[in-house]
């Protein structure tokens, strides 16, 4: 396409974005980082066919020798087959957990995301493939996806079987061993969301070690009046002698997060997180983290955040975090 | 510019994009890649002056140690001098071949682009400079450009005189030796497009080996009823003893692609491609490739693709490709 | 956010951009580069709250081993506290000099920016933090910011105390030692702008050498009829024995630029620049540069530029520059 040919005017285009600036001060280690800057772009082809995308600049600066990167996190075509069934084809967010699909800063408490959806569920986590969504009834929906799989390091190094390092991000990804993801979601009661997902990876090492694995995760979100509660559990079970040798055949964690929103503009929260990426060993490798703090929303889509952080268990450290976030 | 100063509202802005996800399975080598994600942005300054740009994220992920890159592929100001003549200044697509200027996935058959417009014509190929376009009559137009040149490797390595590796992409490009490009295009008969381009490179090595070169290419596109035919020929002729020594002084290729579109939504094609990047030697270095497959368009701007691929000649391998693409 | 949830339609979104292509020929060193390609995106939350951002691709191509980079140069939320006071939070341009905040190519003469706002004021220079702006009266405004600081190299290498190399660009930036910036700006007389800024860096080395520093800068812009004048002075004073040892404890420079615009479309200019990044030593390390040339604006927001360049003092070289630029 060139200038004279008509690129779309903007009538069927949707645009949006979000971003978050973080100041972290943990054990006198002070850093400031525009962690995420995101553009959404969508297009409505017809009532039944649409495109959606999310493009992110992480850490503000991407290039040779620079700390950040540019990431395509969503880019799919969605086709409605009928009123209750639709199919996504392309690159999409894996339907697991709370934050993986909804991670705009004004939607959650805490400067940093909860550690479970990072260390156990490797959010932000996207794969390529096809996903079918079916609504059984108002507030009951089911997703099933065939998607590209993880490829965890397996070269006898320190990152072996590190789930987070296994994300190929659909960038010239090895597609030897695919994965299957299913989710059931219940939102029929106002204020309540319950969801559970299972994912089967046919081989986490993409043909090298024949390490099939299953992820089980469930979460609850409940809001009534100003009171809110979020809780999530996630568990990896990896069928591999190599993973077993280091206790990485089990990797799990959970968090609970009660909160109270006094007004539209102000709310407080506390969050306790506990996780273990070597839960299969007999050593004490459990990490613990507690955050307490507040959100201030001058507008529903703009947020200032503060929280105190205390790390314990197999890790240590105290400090605080400050953040600014927005979405549109 | 800052927030208080008025950035444009969106009334004169045009937005668009395209993308393609590829799954390749050749000789049991399976990979999945969001090969291209593109944003178009244009602005209409007046009836006679406009800006147009194309920004691409290749391979989904760009940064230090990452497989992809962010590329500016078009960014030019176009000024109409009169009803039949206009001038582009800036960074533009070189006016050669079929795909170089029109490469949105719903516009062509085959998951992957034809290999000639990759190995011989190094598409996607952009340069900086000025281009004048003149319409002699309805359906007869002429382009002439003075543009930045290629800089092929010439350090006695394996990529010496590799045309594709010579693209400087207008990124701190060596401008010692410019190039001149001319194209004549005929579209006066409905369904038919004929075009031929010549490019003269004053020195492919930008002052090192004094290797001037000429590219000659011609193509035809014909559509009538459901039947379609595309054919293209391209030939490099390089005046350099160093290139002659390895047979790279001649590099050429062609493809023919008949197709049949049964309905708006479904069409089939076959494509035979043959090329040789060392056509000047006496060895059998000719590559051959045959693809047969189909396109399915649920909407005219959204496409699902499948094709079987068979490689022969100086290369070998069989397999298939699957793709999803869109434009807006 | 996903497709079904509503990303913003485009009604409250503002979009814009600018870009510049440079051809440089200094001492027969010829290069062509799409130096800057920028997208602006803003959102109006309410009359009092807005978001603004500037995303740039430098040198056309960013990725592993590529010459360019992707940079987030602005991304902040601005809240009006009352009619005369507003606060920015996030990542913003430091309020110093002329070009740092207003650098769109049609707004200035010369293909390349003046060297003072590069070598002394490290434009384009952004930091993260909070900035308060107060308008005392029509045409009299004051800015005060608490922002992230520079981190100059200090490993006894050739870039030690190089101000430009000290920009952390809010990318996982060390926030041990913050900085404070104040500016007074006077624009009450039509055609005239006077401004002066002071910045205090608590430690240019972020906790290593305890090198606090002050930047002082002032500039004047005056336009009357076709006549224009720009002048700027900037001075760093660094309190560090290590900087003193190499004369880098003083770094300063200035430029003066008279110009004359004959019509809306055509103007000429001359610019004399002088700077010294080792002004504290007793050697002749002063750089001088003279540019003379013209701008041609076919539209007020599109510009073609040409200038002759002559370097002298502690550097040497002659040549010319050609450029194309636009904004919208």
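We just call them A, B and C in the order they show up, numbering each chain from 1.
In the analysis below, contacts are C-beta pairs under 8 Å (C-beta built on N, C-alpha and C of every residue); 3 or more make two chains touch, one makes a residue touch a chain.
What you see is a predicted model, and the numbers here were worked out from it, not measured in a lab.
Chemist: What graph shape do the protein chains here make by touch: line, ring, star, complete or other?
Modeler: Basically all the chains touch each other, so complete.
Chemist: On C-alpha atoms only, rotate chain A onto chain C and read off the angle in steps of 5 degrees.
Modeler: Between chain A and chain C, the superposition angle is 120 degrees.
Chemist: Are the two sides of the chain B and chain C contact the same residues or different ones, given that same means over half of the numbers occur on both copies?
Modeler: Result for this pair: different.
Chemist: Just how far, in Å, is the C-alpha centre of chain C from the one of chain B?
Modeler: Between these chains, centre-to-centre, one finds 37 Å.
Chemist: Would you please write down the residue numbers of chain C that are in contact with two or more other chains?
Modeler: Residues 10, 13, 15, 41, 51, 62-64, 66-68, 70 of chain C touch two or more partner chains.
Chemist: Which part of chain C faces chain A closely enough to touch in the complex?
Modeler: Against chain A, chain C makes touches at 1-4, 6-10, 12-13, 15, 41, 43, 45-46, 49, 51, 53, 55, 58, 62-72, 75, 77, 79, 89-91, 128-129, 148, 169-176.
Chemist: Would you pull the chain C residues touching chain B in the complex into a rising list?
Modeler: For chain C paired with chain B, touching residues are 10, 13-19, 21, 23, 25, 30-34, 37, 39-42, 50-52, 54, 57, 59-64, 66-68, 70, 74, 76, 78, 93, 101-102, 104, 298-299, 301-302, 304, 324, 326-328.
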